[in-house]
Amino acid sequence: MLRSRIRLTAALAVAALVLAACGGSDDSSGGSSSAASPSEIKVFAAASLTAAFTKLGEDYSAANGGTKVTFNFAGSQALATQIQQAAPADVFASADITNMDKVKDLVNTPQNFASNLLAIVVEKGNPKDVKGLEDLANPDLKVVLAAEEVPAGKYAKQVLDDAGVSVTPVSQEDNVKAVVTKVSLGEADAGIVYVTDVSAGGDTIEGVDIPEEQNVVATYPIATVKTSKAPDKAQSFMDLVLSAEGQQVLKEYGFLPPPTT
Amino acid sequence: MSLAAELGLTLGELELEVELAVGTGELVVLLGPNGAGKTTLLRALAGLVPLRRGRVVLDGVVLDDVAAGEHVPTEQRPVGFVFQDYLLFPHLTALENVAFGLRARGLAKTEARHRAAAWLERVGLAAHTRSRPRALSGGQAQRVALARAMVSDPRLLLLDEPLAALDAATRTEVRRDLRRHLASFDGTRLLVTHDPLEAIALADRLVVLEAGRLTQTGTPAEVSAQPRSRYVAELVGVNLYRGLADGRSVRLPDGGAVVAADLNYGEVFAAIHPHAVALHRQPPEGTPRNVWSGTADTLEVIGDRVRIRVTGLVPIVAEVTPAAASELHLGDGGPVWATVKATEVTVYPA
Amino acid sequence: MTTTARRRRAATSRAGAPIGFVVLAALAVGFLAIPLIGLLGRTPWGTLGAELATPRVLLALRLSLVCSLGAVAVSVLLGVPLAFLLARVAFPGRNIVRALTTLPMVLPPVVGGVALLLAFGRRGLVGQWLDRAFGITLPFTTAGAILAEAFVAMPFLVITVEAGLRAMDRRFEDAAATLGAGRWLTFRRVTLPLIAPSLGAGIALCWARALGEFGATITFAGNLPGVTQTMPLAVYIALETDLEAAIALSLVLLVISLALLIALRDRWFPTA
């Protein structure tokens, strides 16, 4: 009898531990339990911002006594949905206004901080000799685009429709970086991505310009999230992005300044 | 129509070295204790176990010749095998089981089923053609297994302890039927058993296999009359001694001696039936030539007789009436004298 | 407490299961059931019909069935002989081969997808030869999706069938041989029926795994409606924009998977 009681207590103890472990992590993401605001902020940013924002994160950390910046890079549509599902984000930077609008009730006033242009990405050396958008309609060419729900995909569709070019992609990727990957692996012959992705893509790929009259300007807004546990730090990160220093970093990575309207 | 096998093989701990010939018309029963290699021998004849050396010839056709590198695979041998637990295919009906061999050898479905049905009727199971093996009793399953093995008219029929899986009551009845079916089979037959009763009931000739070697062969009567190993002696129930005969006296290796009525010389066996042994508590008078002192050890009641094991220089098993046993208080153990008349000792060359 | 009373107490708890087990088992059931209940709770029952009737959903559903069945076919064709060799033939390197067949089970599916690209992609080890010699490329094709699903699902079949082959009484095969059956006939008419439960269980697991495969498919085969966008991919994409559609799709997958397991459970997992 004593043995079965011990077993019961042990089982309940294990159960309690398991429940405590899952229940506890809602508030302090990562588990730091200080009463003051945590020394870490989470930034949800569009995939195309990977290189630029990582650098900005390092700059922010250095200037703010080691406050850690953790990034979640993904397609903006995925990030918006996650924020709608109450994912713990402090800052949200989207590659288009549509996805920022999706969460407008959950964020503070957004501000445009950069723009981007599209480009065609091909393998280094351009083996299939792609010269422009019209070439992408070639049925023998394997073209990969981002899915239409992804900002890059939406922009690409816009560009192709405006130019009157009909393209059947072989795959619709989940975020713009995946498009770059498929081309750099040699699986796809060409794709449509941002110009910043071409410069960030390394030496396995190169870009083919899309002339200005055919191109679209992608507008990138940024906002702090209302449910942030570190509103001051979130705001200061956003300020850094909008500052001259932040704009300079973005420029170095190929982004254009935000539209002046 | 005969089998000539001379083979040697090793399987795990067992080393089998056997020379065996089975003629037409004779039902040879292979008898031996568990682990002797009986099943292995049958499997080797069926081609299921590789030989290390030797030759197997059936009806003039070479099935195995290790030296010449010849080996006929099992499925091409005209062999029928009845396994110890029948191994009827559980997913097929009795009819399909019996028809299996015919269909495997190319016979058309209808014809195969027709012949299978005929055989099932022959073994008295016409009503069970559609039954699955799990719905059959032990005796019924055995008959299906027999029909399955025999339906393709094999030249060699191998039966591995065909009655072992049955209870005592069914066994007697099935043994009778088995005898009848085997009698009407015109190929070579080899049956394995560990049950001496079965061996004696079925065999034309008995072959004893112990620890991979043949120790004795002969008719059941010959074998029981002159056992040549402890195993057979115990089966038959006689006391067996082996020693050096010099005239009427047989000297045993441990120092004792047995006196017989006849003259013999050289290595011999001496057999004494337990009922020829008389037991006394006092040194006996009279003329028995064999008098041994020993200690009464274990007691066993068998039917209306009592068997007593006596230890000593010449260990012996005696069989007495229950009355005699209680009179001498043999149950209490203690010293006894065993006497045997010289005429009751059977001696034969080893 | 007296000794007799204590013994009685112990006896009652021994009649069922140890109390601790019951608690932990209840936790396990909760762990598995609560997400499903959550799914059912958030299902937009009102608009479910409309959501499911869209061509995109029907396309994904049909594609999922085609690809998963294709993967099962490939797995059976290649996996059963492999299981047979692993179970019956002591060839050199058998243990390595067995480890290799279980590798996809522990590999993260995306890693599997990357490996497939490096092997069968257009620049891959085998893929480049396929492309040059036959003009066949596997990425971005339905065949590629089938390959990706087969890659992750086949081990389930091989493991289960190998276990079944090891467990069966091989003397039945001896009996078949004595009855004149060659190796192929024995396998077809004796071995296969005898391992049918294991084979069925293996196929069920393989099919379920193929149906749910995502990581390797999206990495290797890509994502294109009607060609490579199977149900799990459709759910993933929908999840990012239209949660209700995603839930509706998830429900369909759930119902199919459950129906599959329930239908096969009675036949292939015989309850004592």
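The chains carry the letters A, B and C, assigned in the order they are written, with residues numbered from 1 in each.
Going forward, contacts are C-beta pairs under 8 Å (C-beta built on N, C-alpha and C of every residue); 3 or more make two chains touch, one makes a residue touch a chain.
Keep in mind it's a predicted model, so treat the numbers as computed, not measured.
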With chain C ignored, the remaining chains form A | B
Among the chains here, which has the CA centroid at the largest distance from chain A's centroid? B
List the centre-to-centre spacing of chain A and chain B in whole Å, with centres computed as mean CA coordinates. 85
In whole angstrom, the CA-centroid distance of chain A from chain C equals 33
Rounded to the nearest Å, the gap separating the Cα centres of chain B and chain C is 54
Could you check chain B for residues that touch two or more other chains and list them? none
Numbers and ranges of chain C residues touching at least 2 other chains: none
Contacting residues of chain C [partner chain A, same complex]: 1, 6, 9-10, 13, 18-21, 23-24, 27, 117, 121-123, 137, 139-140, 218, 221-225, 227-229, 236-237, 239-241, 243
Note: in the complex, chain B contacts chain C through residues 43, 46-48, 73-77, 79-81, 83, 87, 89-91, 100-101, 104-105, 148-149, 152
Considering only the defined contacts, which chain C positions touch chain B in the complex? 169, 171-172, 174-182, 185, 189-190, 193-194, 196
In the complex, go through chain A and note every residue touching chain C. 1, 4, 7-8, 10-12, 14-15, 18, 75, 77-78, 80-81, 84-85, 142, 144, 147, 149, 169-174, 182, 185-188
